[in-house]
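Notes follow the structure.
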Amino acid sequence: MGEESCAPVRPTRHDAAKPPSVRVILPSTPLGVRKGLGEINTILRASGYSQEECGTVEIVLAEVLNNVVEHAYSAPGDDLIALQIGPARAGLSFLVEDNGREMPEGGPPIGKLADKHSDLLSLPEGGFGWFIIREVAHDVAYRREDGRNRLSFRIAVG
Amino acid sequence: MGEESCAPVRPTRHDAAKPPSVRVILPSTPLGVRKGLGEINTILRASGYSQEECGTVEIVLAEVLNNVVEHAYSAPGDDLIALQIGPARAGLSFLVEDNGREMPEGGPPIGKLADKHSDLLSLPEGGFGWFIIREVAHDVAYRREDGRNRLSFRIAVG
Amino acid sequence: MQLNLEWAGAVLVVTVTDPRIDAASAVDFKDGLRKAVPSEAERIVLDLSQVDFIDSSGLGAIVAATKALGPNQPLELAGLTPKVASVFELTRMDSFLTIHATRSAALAVAAANG
Amino acid sequence: MQLNLEWAGAVLVVTVTDPRIDAASAVDFKDGLRKAVPSEAERIVLDLSQVDFIDSSGLGAIVAATKALGPNQPLELAGLTPKVASVFELTRMDSFLTIHATRSAALAVAAANG
(Lines give C-alpha, C1' and ligand atoms only; values in the text may rest on other atoms or scores of the structure.)
Protein backbone atom coordinates (compact mmCIF):
# COMPACT_ATOMS: atom_id res chain seq x y z
CA MET A 1 0.00 0.00 0.00
CA GLY A 2 2.76 2.46 -0.83
CA GLU A 3 2.15 6.05 -1.89
CA GLU A 4 2.43 4.81 -5.51
CA SER A 5 -0.53 2.48 -5.40
CA CYS A 6 -3.31 4.95 -4.62
CA ALA A 7 -3.38 6.59 -8.00
CA PRO A 8 -7.12 6.93 -8.58
CA VAL A 9 -7.76 8.88 -5.38
CA ARG A 10 -4.42 10.64 -5.48
CA PRO A 11 -3.84 13.18 -2.72
CA THR A 12 -2.65 16.52 -4.02
CA ARG A 13 -0.02 18.45 -2.06
CA HIS A 14 -0.29 22.13 -1.27
CA ASP A 15 0.47 24.39 1.66
CA ALA A 16 -2.93 25.84 2.44
CA ALA A 17 -4.33 23.01 4.57
CA LYS A 18 -3.95 23.24 8.32
CA PRO A 19 -4.56 19.86 9.98
CA PRO A 20 -7.35 20.25 12.54
CA SER A 21 -7.67 18.45 15.83
CA VAL A 22 -11.07 16.74 15.88
CA ARG A 23 -12.87 14.41 18.29
CA VAL A 24 -15.94 12.74 16.93
CA ILE A 25 -18.46 10.65 18.81
CA LEU A 26 -21.01 9.01 16.51
CA PRO A 27 -24.07 6.85 16.94
CA SER A 28 -23.27 3.45 15.44
CA THR A 29 -25.99 3.69 12.77
CA PRO A 30 -25.83 4.17 9.00
CA LEU A 31 -27.38 7.64 9.31
CA GLY A 32 -25.11 8.56 12.18
CA VAL A 33 -22.11 7.70 10.01
CA ARG A 34 -23.53 9.67 7.08
CA LYS A 35 -24.07 12.77 9.20
CA GLY A 36 -20.68 12.39 10.83
CA LEU A 37 -18.98 12.26 7.43
CA GLY A 38 -20.81 15.47 6.52
CA GLU A 39 -19.55 17.29 9.62
CA ILE A 40 -16.00 16.06 9.08
CA ASN A 41 -16.15 17.21 5.47
CA THR A 42 -17.22 20.68 6.61
CA ILE A 43 -14.33 20.86 9.08
CA LEU A 44 -11.73 19.67 6.55
CA ARG A 45 -12.93 22.09 3.89
CA ALA A 46 -12.75 24.91 6.44
CA SER A 47 -9.20 23.76 7.29
CA GLY A 48 -8.12 24.23 3.68
CA TYR A 49 -8.29 20.72 2.26
CA SER A 50 -9.41 20.44 -1.35
CA GLN A 51 -12.64 18.82 -2.41
CA GLU A 52 -10.62 15.91 -3.79
CA GLU A 53 -8.72 15.43 -0.55
CA CYS A 54 -11.96 15.53 1.41
CA GLY A 55 -13.33 12.87 -0.95
CA THR A 56 -10.31 10.67 -0.24
CA VAL A 57 -10.84 10.96 3.51
CA GLU A 58 -14.58 10.46 3.16
CA ILE A 59 -14.41 7.15 1.30
CA VAL A 60 -11.89 5.63 3.73
CA LEU A 61 -13.81 6.81 6.81
CA ALA A 62 -17.08 5.59 5.29
CA GLU A 63 -15.64 2.09 4.91
CA VAL A 64 -14.07 2.00 8.36
CA LEU A 65 -17.10 3.40 10.18
CA ASN A 66 -19.68 1.35 8.30
CA ASN A 67 -17.68 -1.78 9.11
CA VAL A 68 -17.98 -0.95 12.79
CA VAL A 69 -21.75 -0.42 12.40
CA GLU A 70 -22.21 -3.63 10.41
CA HIS A 71 -19.66 -6.00 11.90
CA ALA A 72 -18.33 -4.86 15.26
CA TYR A 73 -21.67 -4.02 16.88
CA SER A 74 -24.53 -6.51 16.69
CA ALA A 75 -27.41 -4.20 15.80
CA PRO A 76 -27.85 -0.45 15.48
CA GLY A 77 -28.75 0.84 18.93
CA ASP A 78 -27.17 3.12 21.48
CA ASP A 79 -23.61 2.09 20.65
CA LEU A 80 -21.07 4.80 19.97
CA ILE A 81 -18.00 5.07 17.79
CA ALA A 82 -15.15 7.42 18.74
CA LEU A 83 -12.92 8.97 16.11
CA GLN A 84 -9.90 11.20 16.57
CA ILE A 85 -8.37 13.19 13.74
CA GLY A 86 -5.06 14.98 14.11
CA PRO A 87 -1.96 16.07 12.26
CA ALA A 88 0.50 13.37 11.12
CA ARG A 89 4.05 13.62 9.77
CA ALA A 90 2.63 13.39 6.28
CA GLY A 91 -1.08 13.95 6.18
CA LEU A 92 -3.76 13.34 8.76
CA SER A 93 -3.83 10.63 11.41
CA PHE A 94 -6.99 8.80 12.40
CA LEU A 95 -7.90 6.65 15.39
CA VAL A 96 -11.22 4.82 15.42
CA GLU A 97 -12.41 3.14 18.61
CA ASP A 98 -15.43 0.99 19.41
CA ASN A 99 -16.59 -1.37 22.14
CA GLY A 100 -17.84 -4.00 19.72
CA ARG A 101 -16.60 -7.47 19.00
CA GLU A 102 -13.00 -8.18 18.12
CA MET A 103 -11.85 -8.43 14.49
CA PRO A 104 -12.47 -12.04 13.41
CA GLU A 105 -8.83 -13.06 12.81
CA GLY A 106 -7.47 -10.79 15.55
CA GLY A 107 -6.77 -8.18 12.89
CA PRO A 108 -8.28 -6.40 9.92
CA PRO A 109 -8.89 -8.45 6.75
CA ILE A 110 -6.36 -8.26 3.91
CA GLY A 111 -8.94 -6.93 1.49
CA LYS A 112 -8.74 -8.55 -1.87
CA LEU A 113 -10.13 -7.74 -5.24
CA ALA A 114 -12.00 -9.63 -7.92
CA ASP A 115 -9.74 -11.64 -10.19
CA LYS A 116 -8.84 -9.63 -13.29
CA HIS A 117 -9.97 -12.54 -15.44
CA SER A 118 -13.28 -13.25 -13.76
CA ASP A 119 -16.45 -12.31 -15.60
CA LEU A 120 -19.23 -10.03 -14.46
CA LEU A 121 -21.45 -12.78 -13.10
CA SER A 122 -18.78 -14.09 -10.76
CA LEU A 123 -17.99 -10.66 -9.32
CA PRO A 124 -18.22 -10.31 -5.56
CA GLU A 125 -21.03 -8.07 -4.30
CA GLY A 126 -19.24 -7.11 -1.11
CA GLY A 127 -15.87 -7.13 0.55
CA PHE A 128 -14.65 -4.00 -1.24
CA GLY A 129 -14.40 -2.12 2.02
CA TRP A 130 -11.07 -3.33 3.29
CA PHE A 131 -9.55 -3.25 -0.16
CA ILE A 132 -10.35 0.45 -0.39
CA ILE A 133 -9.03 1.15 3.10
CA ARG A 134 -5.72 -0.63 2.46
CA GLU A 135 -5.36 0.91 -0.97
CA VAL A 136 -5.74 4.49 0.20
CA ALA A 137 -4.68 4.56 3.86
CA HIS A 138 -1.16 4.10 5.23
CA ASP A 139 0.24 2.67 8.47
CA VAL A 140 -2.91 0.69 9.21
CA ALA A 141 -2.64 -0.74 12.73
CA TYR A 142 -5.16 -2.60 14.84
CA ARG A 143 -5.13 -3.45 18.49
CA ARG A 144 -7.61 -4.85 20.93
CA GLU A 145 -7.33 -3.15 24.33
CA ASP A 146 -9.61 -3.11 27.36
CA GLY A 147 -12.43 -4.71 25.38
CA ARG A 148 -12.10 -2.00 22.75
CA ASN A 149 -11.11 -2.07 19.10
CA ARG A 150 -8.57 0.59 18.16
CA LEU A 151 -7.84 1.04 14.50
CA SER A 152 -5.35 3.69 13.48
CA PHE A 153 -4.18 4.83 10.06
CA ARG A 154 -2.90 7.81 8.14
CA ILE A 155 -4.17 9.43 4.97
CA ALA A 156 -1.69 11.40 2.91
CA VAL A 157 -3.57 14.65 2.32
CA GLY A 158 -2.57 18.24 2.93
CA MET B 1 -23.63 39.22 33.16
CA GLY B 2 -20.32 40.93 34.00
CA GLU B 3 -17.24 39.21 35.36
CA GLU B 4 -18.38 40.29 38.80
CA SER B 5 -21.62 38.40 38.80
CA CYS B 6 -20.28 34.88 38.42
CA ALA B 7 -18.78 34.58 41.85
CA PRO B 8 -19.78 31.02 42.75
CA VAL B 9 -18.06 29.46 39.74
CA ARG B 10 -15.24 31.98 39.70
CA PRO B 11 -12.56 31.33 37.10
CA THR B 12 -9.08 31.36 38.58
CA ARG B 13 -6.23 32.89 36.59
CA HIS B 14 -2.86 31.28 36.13
CA ASP B 15 -0.34 30.85 33.37
CA ALA B 16 -0.20 27.11 32.99
CA ALA B 17 -3.23 26.62 30.74
CA LYS B 18 -2.69 26.49 27.00
CA PRO B 19 -5.99 26.98 25.16
CA PRO B 20 -6.57 24.07 22.78
CA SER B 21 -8.07 24.40 19.33
CA VAL B 22 -10.35 21.47 18.97
CA ARG B 23 -13.54 20.43 17.24
CA VAL B 24 -15.90 18.00 18.86
CA ILE B 25 -18.79 16.28 17.15
CA LEU B 26 -21.28 14.51 19.33
CA PRO B 27 -24.59 12.66 19.06
CA SER B 28 -27.65 14.69 20.03
CA THR B 29 -28.64 12.35 22.87
CA PRO B 30 -28.32 12.71 26.65
CA LEU B 31 -25.66 9.99 26.73
CA GLY B 32 -23.83 11.46 23.74
CA VAL B 33 -23.63 14.81 25.56
CA ARG B 34 -22.38 13.12 28.70
CA LYS B 35 -19.69 11.34 26.75
CA GLY B 36 -18.71 14.51 24.89
CA LEU B 37 -18.39 16.46 28.14
CA GLY B 38 -16.07 13.72 29.41
CA GLU B 39 -13.84 14.07 26.34
CA ILE B 40 -13.74 17.85 26.62
CA ASN B 41 -12.86 17.58 30.29
CA THR B 42 -9.95 15.29 29.43
CA ILE B 43 -8.73 17.69 26.75
CA LEU B 44 -8.93 20.74 29.02
CA ARG B 45 -7.23 19.02 31.93
CA ALA B 46 -4.44 17.96 29.57
CA SER B 47 -4.18 21.59 28.42
CA GLY B 48 -3.50 22.73 31.98
CA TYR B 49 -6.91 23.99 33.10
CA SER B 50 -7.74 23.43 36.76
CA GLN B 51 -10.45 21.10 37.96
CA GLU B 52 -12.50 24.16 38.95
CA GLU B 53 -12.13 25.75 35.51
CA CYS B 54 -13.11 22.49 33.85
CA GLY B 55 -16.17 22.40 36.09
CA THR B 56 -17.13 25.90 34.95
CA VAL B 57 -16.87 24.89 31.31
CA GLU B 58 -18.69 21.63 31.93
CA ILE B 59 -21.80 23.15 33.49
CA VAL B 60 -22.19 25.75 30.71
CA LEU B 61 -21.64 23.23 27.94
CA ALA B 62 -23.99 20.76 29.61
CA GLU B 63 -26.77 23.37 29.57
CA VAL B 64 -26.11 24.46 25.99
CA LEU B 65 -25.81 20.95 24.59
CA ASN B 66 -28.75 19.50 26.50
CA ASN B 67 -30.89 22.36 25.23
CA VAL B 68 -30.02 21.34 21.68
CA VAL B 69 -30.93 17.72 22.46
CA GLU B 70 -34.20 18.65 24.16
CA HIS B 71 -35.38 21.68 22.21
CA ALA B 72 -33.63 22.06 18.85
CA TYR B 73 -33.95 18.48 17.63
CA SER B 74 -37.33 16.75 17.84
CA ALA B 75 -36.31 13.38 19.26
CA PRO B 76 -33.02 11.70 20.06
CA GLY B 77 -31.90 9.88 16.92
CA ASP B 78 -28.99 10.15 14.55
CA ASP B 79 -28.60 13.93 14.78
CA LEU B 80 -25.26 15.49 15.61
CA ILE B 81 -24.01 18.60 17.37
CA ALA B 82 -20.76 20.27 16.31
CA LEU B 83 -18.70 22.18 18.83
CA GLN B 84 -15.57 24.29 18.31
CA ILE B 85 -13.29 25.27 21.15
CA GLY B 86 -10.48 27.75 20.66
CA PRO B 87 -8.48 30.47 22.33
CA ALA B 88 -10.17 33.82 23.02
CA ARG B 89 -8.75 37.17 24.10
CA ALA B 90 -9.68 36.31 27.64
CA GLY B 91 -10.48 32.66 28.10
CA LEU B 92 -11.86 30.09 25.72
CA SER B 93 -14.25 30.65 22.84
CA PHE B 94 -17.00 28.21 21.97
CA LEU B 95 -19.16 27.74 18.90
CA VAL B 96 -22.02 25.25 19.01
CA GLU B 97 -23.79 24.31 15.78
CA ASP B 98 -26.82 22.14 15.08
CA ASN B 99 -29.27 21.53 12.24
CA GLY B 100 -32.33 21.61 14.46
CA ARG B 101 -35.15 24.09 14.70
CA GLU B 102 -34.57 27.77 15.16
CA MET B 103 -34.62 29.40 18.61
CA PRO B 104 -38.28 30.25 19.40
CA GLU B 105 -37.93 34.06 19.58
CA GLY B 106 -35.16 34.17 16.98
CA GLY B 107 -32.66 34.23 19.83
CA PRO B 108 -31.75 32.58 23.11
CA PRO B 109 -34.05 33.14 26.11
CA ILE B 110 -33.12 35.69 28.76
CA GLY B 111 -32.93 33.10 31.50
CA LYS B 112 -34.59 34.22 34.68
CA LEU B 113 -34.47 33.05 38.22
CA ALA B 114 -36.98 32.31 40.94
CA ASP B 115 -38.16 35.36 42.84
CA LYS B 116 -36.11 35.83 46.01
CA HIS B 117 -39.31 36.06 48.00
CA SER B 118 -41.09 33.04 46.59
CA ASP B 119 -41.41 29.99 48.78
CA LEU B 120 -40.26 26.46 48.10
CA LEU B 121 -43.58 25.23 46.72
CA SER B 122 -43.70 27.91 44.05
CA LEU B 123 -40.16 27.27 42.81
CA PRO B 124 -39.74 26.49 39.13
CA GLU B 125 -38.60 22.95 38.32
CA GLY B 126 -36.94 23.90 35.06
CA GLY B 127 -35.67 26.86 33.11
CA PHE B 128 -32.40 27.12 35.04
CA GLY B 129 -30.40 26.30 31.93
CA TRP B 130 -30.26 29.68 30.24
CA PHE B 131 -29.85 31.47 33.54
CA ILE B 132 -26.68 29.45 34.19
CA ILE B 133 -25.39 30.05 30.66
CA ARG B 134 -25.91 33.83 30.85
CA GLU B 135 -24.52 34.02 34.36
CA VAL B 136 -21.25 32.28 33.55
CA ALA B 137 -20.63 32.82 29.83
CA HIS B 138 -19.76 36.10 28.11
CA ASP B 139 -20.39 37.51 24.63
CA VAL B 140 -23.30 35.17 23.98
CA ALA B 141 -24.34 35.48 20.34
CA TYR B 142 -26.81 33.52 18.26
CA ARG B 143 -27.34 33.37 14.55
CA ARG B 144 -29.35 31.22 12.19
CA GLU B 145 -27.41 30.47 9.00
CA ASP B 146 -27.92 27.90 6.23
CA GLY B 147 -30.54 26.11 8.28
CA ARG B 148 -28.09 25.79 11.13
CA ASN B 149 -28.16 27.26 14.63
CA ARG B 150 -24.84 28.84 15.62
CA LEU B 151 -24.40 29.82 19.23
CA SER B 152 -21.11 31.35 20.28
CA PHE B 153 -19.85 32.46 23.66
CA ARG B 154 -16.73 32.85 25.74
CA ILE B 155 -15.85 31.47 29.15
CA ALA B 156 -13.24 33.33 31.17
CA VAL B 157 -10.91 30.50 32.20
CA GLY B 158 -7.15 30.12 31.84
CA MET C 1 -29.72 5.37 38.86
CA GLN C 2 -28.31 3.69 41.95
CA LEU C 3 -29.79 4.84 45.29
CA ASN C 4 -28.67 3.45 48.64
CA LEU C 5 -31.23 3.51 51.48
CA GLU C 6 -30.50 3.55 55.18
CA TRP C 7 -32.65 4.44 58.18
CA ALA C 8 -31.55 6.49 61.15
CA GLY C 9 -34.65 6.26 63.31
CA ALA C 10 -37.44 7.86 61.29
CA VAL C 11 -34.93 9.63 59.05
CA LEU C 12 -34.33 8.01 55.67
CA VAL C 13 -30.84 8.62 54.28
CA VAL C 14 -30.78 8.26 50.50
CA THR C 15 -27.27 8.10 49.06
CA VAL C 16 -26.86 8.69 45.35
CA THR C 17 -24.04 6.37 44.29
CA ASP C 18 -23.93 7.48 40.64
CA PRO C 19 -21.39 10.22 39.95
CA ARG C 20 -23.77 12.31 37.84
CA ILE C 21 -27.34 13.59 38.10
CA ASP C 22 -27.66 15.00 34.60
CA ALA C 23 -30.02 15.12 31.64
CA ALA C 24 -29.31 11.44 30.99
CA SER C 25 -30.29 10.33 34.49
CA ALA C 26 -32.56 12.99 36.02
CA VAL C 27 -35.87 11.28 35.18
CA ASP C 28 -34.55 7.99 36.50
CA PHE C 29 -33.36 9.71 39.65
CA LYS C 30 -36.73 11.36 40.27
CA ASP C 31 -38.59 8.08 39.74
CA GLY C 32 -36.13 6.18 41.92
CA LEU C 33 -36.44 8.69 44.74
CA ARG C 34 -40.23 8.69 44.59
CA LYS C 35 -40.33 4.88 44.84
CA ALA C 36 -37.68 4.80 47.57
CA VAL C 37 -39.45 7.06 50.05
CA PRO C 38 -42.27 5.41 52.08
CA SER C 39 -44.81 7.43 54.03
CA GLU C 40 -43.11 6.40 57.32
CA ALA C 41 -40.11 8.60 56.51
CA GLU C 42 -40.42 11.74 58.63
CA ARG C 43 -37.41 13.41 57.10
CA ILE C 44 -35.21 12.57 54.12
CA VAL C 45 -31.50 13.28 53.89
CA LEU C 46 -30.19 13.11 50.34
CA ASP C 47 -26.49 12.33 50.59
CA LEU C 48 -24.78 13.74 47.48
CA SER C 49 -21.19 13.19 48.60
CA GLN C 50 -20.58 10.69 45.80
CA VAL C 51 -22.06 12.96 43.14
CA ASP C 52 -19.46 14.82 41.17
CA PHE C 53 -21.68 16.69 38.70
CA ILE C 54 -25.22 17.99 38.51
CA ASP C 55 -26.82 20.04 35.75
CA SER C 56 -30.09 21.97 35.56
CA SER C 57 -32.08 18.77 34.87
CA GLY C 58 -30.71 17.22 38.05
CA LEU C 59 -31.36 20.41 39.96
CA GLY C 60 -34.91 20.49 38.60
CA ALA C 61 -35.42 16.88 39.71
CA ILE C 62 -34.32 17.68 43.26
CA VAL C 63 -36.59 20.74 43.42
CA ALA C 64 -39.48 18.70 42.04
CA ALA C 65 -38.90 15.89 44.55
CA THR C 66 -38.71 18.37 47.43
CA LYS C 67 -41.98 19.98 46.36
CA ALA C 68 -43.71 16.62 45.81
CA LEU C 69 -42.72 15.33 49.26
CA GLY C 70 -43.96 18.58 50.77
CA PRO C 71 -43.44 20.13 54.20
CA ASN C 72 -44.44 16.96 56.07
CA GLN C 73 -41.55 15.00 54.62
CA PRO C 74 -38.78 17.56 54.37
CA LEU C 75 -35.98 16.66 51.95
CA GLU C 76 -32.58 17.97 52.99
CA LEU C 77 -29.29 17.79 51.16
CA ALA C 78 -25.92 16.78 52.54
CA GLY C 79 -22.33 16.37 51.40
CA LEU C 80 -22.30 18.58 48.31
CA THR C 81 -19.01 18.30 46.43
CA PRO C 82 -17.54 21.56 45.02
CA LYS C 83 -18.95 21.44 41.46
CA VAL C 84 -22.38 20.44 42.75
CA ALA C 85 -22.37 23.13 45.44
CA SER C 86 -21.51 25.81 42.89
CA VAL C 87 -24.54 24.95 40.76
CA PHE C 88 -26.85 25.31 43.77
CA GLU C 89 -25.25 28.65 44.61
CA LEU C 90 -25.26 29.93 41.05
CA THR C 91 -29.01 29.32 40.73
CA ARG C 92 -29.64 30.60 44.29
CA MET C 93 -31.31 27.28 45.07
CA ASP C 94 -29.11 27.11 48.17
CA SER C 95 -31.38 29.72 49.73
CA PHE C 96 -34.54 27.69 49.16
CA LEU C 97 -33.29 24.24 50.11
CA THR C 98 -31.79 23.00 53.35
CA ILE C 99 -28.18 22.02 52.82
CA HIS C 100 -25.90 20.38 55.39
CA ALA C 101 -22.15 20.07 55.07
CA THR C 102 -22.16 16.35 55.76
CA ARG C 103 -24.57 13.52 56.27
CA SER C 104 -23.69 13.30 59.97
CA ALA C 105 -24.31 17.02 60.38
CA ALA C 106 -27.71 16.48 58.75
CA LEU C 107 -28.49 13.63 61.14
CA ALA C 108 -27.34 15.60 64.17
CA VAL C 109 -29.69 18.43 63.27
CA ALA C 110 -32.49 15.97 62.59
CA ALA C 111 -31.94 14.36 66.02
CA ALA C 112 -31.89 17.76 67.74
CA ASN C 113 -35.15 18.75 65.99
CA GLY C 114 -36.72 15.51 67.18
CA MET D 1 -34.25 6.43 -2.41
CA GLN D 2 -35.55 8.61 -5.21
CA LEU D 3 -35.33 7.10 -8.72
CA ASN D 4 -36.52 8.91 -11.84
CA LEU D 5 -37.62 6.73 -14.77
CA GLU D 6 -37.66 7.70 -18.44
CA TRP D 7 -37.89 5.62 -21.61
CA ALA D 8 -35.81 6.18 -24.74
CA GLY D 9 -37.29 3.55 -27.01
CA ALA D 10 -36.67 0.22 -25.31
CA VAL D 11 -33.94 1.75 -23.17
CA LEU D 12 -34.92 2.61 -19.61
CA VAL D 13 -33.00 5.53 -18.14
CA VAL D 14 -32.97 5.40 -14.35
CA THR D 15 -31.74 8.61 -12.73
CA VAL D 16 -30.71 8.49 -9.09
CA THR D 17 -31.76 11.85 -7.65
CA ASP D 18 -30.36 11.26 -4.15
CA PRO D 19 -26.84 12.61 -3.65
CA ARG D 20 -25.58 9.47 -1.89
CA ILE D 21 -25.67 5.72 -2.47
CA ASP D 22 -24.17 4.63 0.83
CA ALA D 23 -24.64 2.12 3.63
CA ALA D 24 -27.74 4.03 4.75
CA SER D 25 -29.44 3.82 1.35
CA ALA D 26 -27.92 0.87 -0.58
CA VAL D 27 -30.63 -1.67 0.30
CA ASP D 28 -33.32 0.82 -0.58
CA PHE D 29 -31.58 1.60 -3.84
CA LYS D 30 -31.30 -2.08 -4.81
CA ASP D 31 -35.00 -2.71 -4.01
CA GLY D 32 -36.06 0.43 -5.84
CA LEU D 33 -34.09 -0.50 -8.93
CA ARG D 34 -35.43 -4.06 -8.95
CA LYS D 35 -39.03 -2.81 -8.78
CA ALA D 36 -38.41 -0.07 -11.37
CA VAL D 37 -37.16 -2.31 -14.18
CA PRO D 38 -39.86 -4.19 -16.11
CA SER D 39 -39.09 -7.12 -18.39
CA GLU D 40 -39.70 -4.90 -21.47
CA ALA D 41 -36.51 -2.93 -20.78
CA GLU D 42 -33.90 -4.13 -23.25
CA ARG D 43 -31.15 -2.03 -21.77
CA ILE D 44 -30.88 0.05 -18.62
CA VAL D 45 -28.87 3.24 -18.31
CA LEU D 46 -28.23 4.22 -14.70
CA ASP D 47 -27.66 7.99 -14.68
CA LEU D 48 -25.45 8.82 -11.68
CA SER D 49 -24.78 12.45 -12.56
CA GLN D 50 -26.64 13.67 -9.45
CA VAL D 51 -24.82 11.27 -7.16
CA ASP D 52 -21.99 12.89 -5.28
CA PHE D 53 -20.83 9.96 -3.15
CA ILE D 54 -20.87 6.18 -3.29
CA ASP D 55 -19.29 3.74 -0.85
CA SER D 56 -18.66 -0.01 -1.05
CA SER D 57 -22.27 -0.80 -0.09
CA GLY D 58 -23.51 1.29 -3.01
CA LEU D 59 -20.95 -0.27 -5.30
CA GLY D 60 -22.02 -3.75 -4.15
CA ALA D 61 -25.66 -2.85 -4.83
CA ILE D 62 -24.84 -1.80 -8.39
CA VAL D 63 -22.83 -4.97 -9.01
CA ALA D 64 -25.64 -7.08 -7.54
CA ALA D 65 -28.26 -5.34 -9.69
CA THR D 66 -26.16 -5.80 -12.83
CA LYS D 67 -25.73 -9.49 -12.08
CA ALA D 68 -29.42 -9.98 -11.24
CA LEU D 69 -30.58 -8.32 -14.47
CA GLY D 70 -28.14 -10.50 -16.39
CA PRO D 71 -26.81 -10.24 -19.94
CA ASN D 72 -30.30 -9.92 -21.46
CA GLN D 73 -30.95 -6.66 -19.67
CA PRO D 74 -27.54 -5.01 -19.59
CA LEU D 75 -27.17 -2.29 -16.96
CA GLU D 76 -24.83 0.52 -17.99
CA LEU D 77 -23.64 3.49 -16.01
CA ALA D 78 -23.50 7.11 -17.10
CA GLY D 79 -22.47 10.50 -15.76
CA LEU D 80 -20.16 9.51 -12.93
CA THR D 81 -19.07 12.51 -10.88
CA PRO D 82 -15.40 12.64 -9.78
CA LYS D 83 -15.66 11.06 -6.31
CA VAL D 84 -17.95 8.34 -7.63
CA ALA D 85 -15.69 7.61 -10.61
CA SER D 86 -12.67 7.26 -8.34
CA VAL D 87 -14.36 4.57 -6.27
CA PHE D 88 -15.13 2.54 -9.43
CA GLU D 89 -11.52 2.94 -10.54
CA LEU D 90 -10.03 2.18 -7.16
CA THR D 91 -11.89 -1.13 -6.95
CA ARG D 92 -11.27 -1.87 -10.66
CA MET D 93 -15.02 -2.19 -11.13
CA ASP D 94 -14.67 0.17 -14.09
CA SER D 95 -13.18 -2.74 -16.06
CA PHE D 96 -16.15 -5.04 -15.42
CA LEU D 97 -19.00 -2.59 -15.88
CA THR D 98 -19.90 -0.48 -18.90
CA ILE D 99 -19.47 3.19 -18.08
CA HIS D 100 -20.41 6.11 -20.34
CA ALA D 101 -19.31 9.69 -19.81
CA THR D 102 -22.84 11.03 -20.08
CA ARG D 103 -26.36 9.83 -20.38
CA SER D 104 -26.61 11.02 -23.98
CA ALA D 105 -23.40 9.16 -24.83
CA ALA D 106 -24.97 6.04 -23.32
CA LEU D 107 -28.13 6.52 -25.40
CA ALA D 108 -26.15 7.16 -28.59
CA VAL D 109 -24.28 3.89 -28.10
CA ALA D 110 -27.50 2.08 -27.30
CA ALA D 111 -29.10 3.45 -30.49
CA ALA D 112 -26.06 2.45 -32.59
CA ASN D 113 -26.15 -1.08 -31.14
CA GLY D 114 -29.83 -1.32 -31.92
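Per-chain residue numbering starts at 1, and chain names A, B, C and D are given in the order in which the chains are listed.
Here is the rule we use: contacts are C-beta pairs under 8 Å (C-beta built on N, C-alpha and C of every residue); 3 or more make two chains touch, one makes a residue touch a chain.
The shown structure was predicted, so the numbers you read here are calculated from the model rather than taken from an experiment.
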item: Cα superposition angle of subunit C on its copy subunit D, in degrees to the nearest 5; value: 175
item: Label of the chain whose CA centroid is most distant from the centroid of subunit A; value: C
item: Inter-centroid spacing, subunit D versus subunit C (mean Cα positions, whole Å); value: 63
item: Centre-of-Cα separation between subunit D and subunit B, whole angstrom; value: 47
item: Length of the line joining the C-alpha centres of subunit B and subunit C, rounded to whole Å; value: 25
item: In subunit A, residues with contacts to at least two other chains; value: 31, 34
item: Residues of subunit C engaged with two or more neighbouring chains; value: none
item: Touching pairs among all chains present in the structure; value: A-B, A-D, B-C
item: Subunit B partner contacts - residues on subunit C that touch it in the complex; value: 20, 22-25, 53, 55-57, 59-61, 63-64, 66-67, 70, 82-83, 86-87, 89-93, 95-97
item: Partner subunit C, residues of subunit B touching it in the complex; value: 6, 8-9, 30-31, 33-34, 52, 55, 58-59, 62-63, 66, 69-70, 113-114, 116, 119-121, 123-126, 128-129, 131-132, 135-136
item: Residue numbers on subunit B that touch subunit A, as the complex places them; value: 20-27, 29, 31-32, 35-36, 39, 43, 77-80, 82
